[in-house]
C-alpha cells in the first residue's frame, strides 16, 4: 500500500453536511475510508470526485446495505484492513 | 390570525437535509414555525423563499442564539403563541 | 385518522428508522390506517439483499416486505431519492409505490410522524 | 501533539458543541497545545448577545471569550460559514481569527477531534 | 371560533435531555398549553426520549434538572408520562418489575413516569385532538 | 517498515448503542486491532457514548447485547474502559460512590467500566500513538 498522510474516516450519509466538508478537506496523499451510512456513496452516481484520492469502504457496512459489489474506484476492506489503514496513516480524522 | 391548513414545525439547522425537504412541502394555506436550531434561518441571507407562507420563529430560541430582532418576513412568537398556532392548524407536522 | 410514517434516515447507522417501523406496525395492529414513506437517504431501507450478519444487526428487509400482510396500507418511495441512490425496480423490494411528488402525501394524511 | 477541536453544530439544540468545549479546556488545563475551529452551523457559537435564560441553558459566550486566558492557543472561524450565517466583526465575539481555508487547519494539526 | 377551541394534546418526545433540546422545548410548550386551558392526554417518551425518565440523572447544580422538572409538571397536572418499553429496555431504563423479570441489578425509573408499550402511543393518537412530536434537532 | 509498525490505540466512543452504530463499529475495530498485535491503551466513553456502560440495558434476546460484549472484550484483553464523569452524571450513569455522593436511588455502571474525568482522555491522547473517534453517524 501507498503511505497515507491523513486517513479520513467518514461515517455520515451522503446528504449529511459533514460529508461535503470532508470531501473539501481531502488533499493529495490522503485516503478516504467510508464506514456505516457513508458507504451509501457507493450507490450515488458520480459520487467520487477526485481520482487522485484512494477511496476505501468497509465491506460489512456495504453488504449490510445491499451494496456488496465494489466499484472500480472504491476498494472494499474488512476491519483488519481498516486497522492497517489507521496504522499506516500519519494522522487519522474521524468525521 | 388566518386559519392554517398545516403547521410545519422545523427544529433543524439550515444545513440539515430535513430543512430542504420541509421547504419543499410547504403549500398555500400552510405556516412554518422555526424552533431550536432552525431559528438560525433568520441569520441566513435570502433564506425565506415563498412570501405566501407565513413564517414564525420561537423568540426564546432566537434570542438564545443572539437573533432577537425579527425580520420583516418572520414573526417572533412565544410558547403561548406556539400553542395557539398548533391549536388553530388543522394538522401539525414536526420535521 | 390516517397516519403517514416518514423514514428519511439511512438503515443501520441509526435506530430511528427501525423504531419508526415499530410505530407503523403498532398502528396497524390496532387497525389504524397507516402508510409508510421512505424518502431522502431513507430509501436505502428498500434495497434488496441486505446482509447484516457482519455488523451484528437484524435485517429489516423481511419486516418491510411483510408490512402489507400486517395491515400497513401502502409503502411509498420518493422517486427522486430513488434515482439519487440508484434504486429501481430491479434492485428494490417488491410492493413499493413510487411517489413522484412525495410532499403531497403529507397533505393527504391527517397525522404525520417522522422517524426521530 | 497539537490538537484541533472542530465544532460544526449549532449551539443549544444539541450538546455536542458544549462537550467539545469541555474537551478543549481539559487539554489546555493539561498544558497541551489546542485550538478551536468553528465551521458550518457551528460558527453561530460565536455570535454576540446570546441570551439563554428563556430556554434555561447556560450561555457559552463567556466560556469561549475566556478560552485564551485558559491556554487555548487560537479560535478560528471558517470565513465562508460566517458569510453564510451573517457573521462579521461587528456581531462576533472578540479574539476570533478568520480562516479563509479552514480545511488547511486540519492538516496543520497532528490530532483532530470533532464535536460528536 | 372553532380554530381556537380547546384541544387535548398528546406530546411525543424522541430526543434525550443533555443531548437534544427536545425535552426542554416540550416542557415549555406543555406549560403554555396548560396555562391556556388546553389539556394533555399523555406524554409519550420514545427512542432516545426515554432517558428523560431516568432517576439517576445528576446534572451540575447550576443546570436545569430536566427529569425532575418534567416529573414535577406531570404530578402537578396529573398528566400520565409513559416511556416506551422496547425503547427503554434497550437503553437501560427499567422499573422494578422489569428489573426482576430480566434479573437486572437495579431499577432507575423516575416517578411518576411509567413504562408501557406502543399501544399507549396509539391510544394517545386516537384520544387526543393534536399529537405534537418533539424530535432531536441537529 | 515504520508505517506498519505496531500501534498503541486510544478509542473514543461518542455515540450510544441502540441509537448509533458507533459502539458496534468500535468493537469490531478493537477486536481486529488486538488480533493484528496492536495494543489498546484505553477506551474512553464521552457524550452519549457513556450509555454503553449501563448495567441495565436489556435488548431483545435475538439482538447483540453491546454493553455485555464490550465488557467481555475489555476484561479478556485487560483494557481500561472509562466513562467521562461529566457526561455520565448528566445522562444518569453512576457508580456506587456517585450514587452516595448525589444521594441517588441506585447505581448502574457495568463492570469493568469505570467513571473518571476528561483527564483520562487527555492521558490517552498523550500515551497512545493513534486516537480514533467513533461518533454517531447520521
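Per-chain numbering from 1; labels A, B, C, D, E and F assigned in written order.
In this section, contacts are C-beta pairs under 8 Å (C-beta built on N, C-alpha and C of every residue); 3 or more make two chains touch, one makes a residue touch a chain.
Small disclaimer: the values here were computed from a predicted structure and weren't measured.
Of all chains in the assembly, those touching chain C and also chain F are A, E. Comparing the CA-atom centres of all chains against that of chain E, the greatest distance is found for A. Note on interfaces D-F and A-B: more C-beta pairs are in contact across D-F.
On a Cα centroid basis, the chain most remote from chain C in this structure is D.
Taking the mean of the C-alpha atoms as each chain's centre, chain C and chain E sit 26 Å apart. With each centre defined as the average position of its C-alpha atoms, the distance from chain A to chain C rounds to 27 Å.
As a whole-number value, the distance joining the C-alpha centres of chain D and chain E reads 32 Å. Among the residues of chain C, those in touch with two or more other chains are 9-10, 12-15, 40-41, 55, 57, 111, 114. Looking at chain E, one finds that residues 18-19, 21, 25, 28, 47-48, 63, 86, 131, 133, 135-138 touch two or more other chains. Residue positions of chain A with contacts to 2 or more other chains are 11, 13, 15-17, 36-37, 60-61, 94-95. In this structure, the chains touch in the following pairs: A-B, A-C, A-D, A-F, B-C, B-D, B-E, C-E, C-F, D-E, D-F, E-F.
Remark: chain F residues 12, 14-15, 46-48, 86-87, 117-119, 121-122, 125-126, 131, 133, 135-136 touch chain D in the complex. Residues of chain D touching chain B in their complex: 9-14, 40-41, 44, 47-52, 54-55, 57, 59, 84-87, 91.
Residues 3-4, 9, 11-13, 16, 35-38, 58, 60-61, 78-80, 82-84, 86-88, 92, 94-95 of chain B touch chain E in their complex.
Remark: chain D residues 1, 3, 15-16, 19, 22-23, 26-27, 30, 32, 111, 113-114, 116 touch chain F in the complex. Of all the residues in chain B, the ones that touch chain A in their complex are 15-17.
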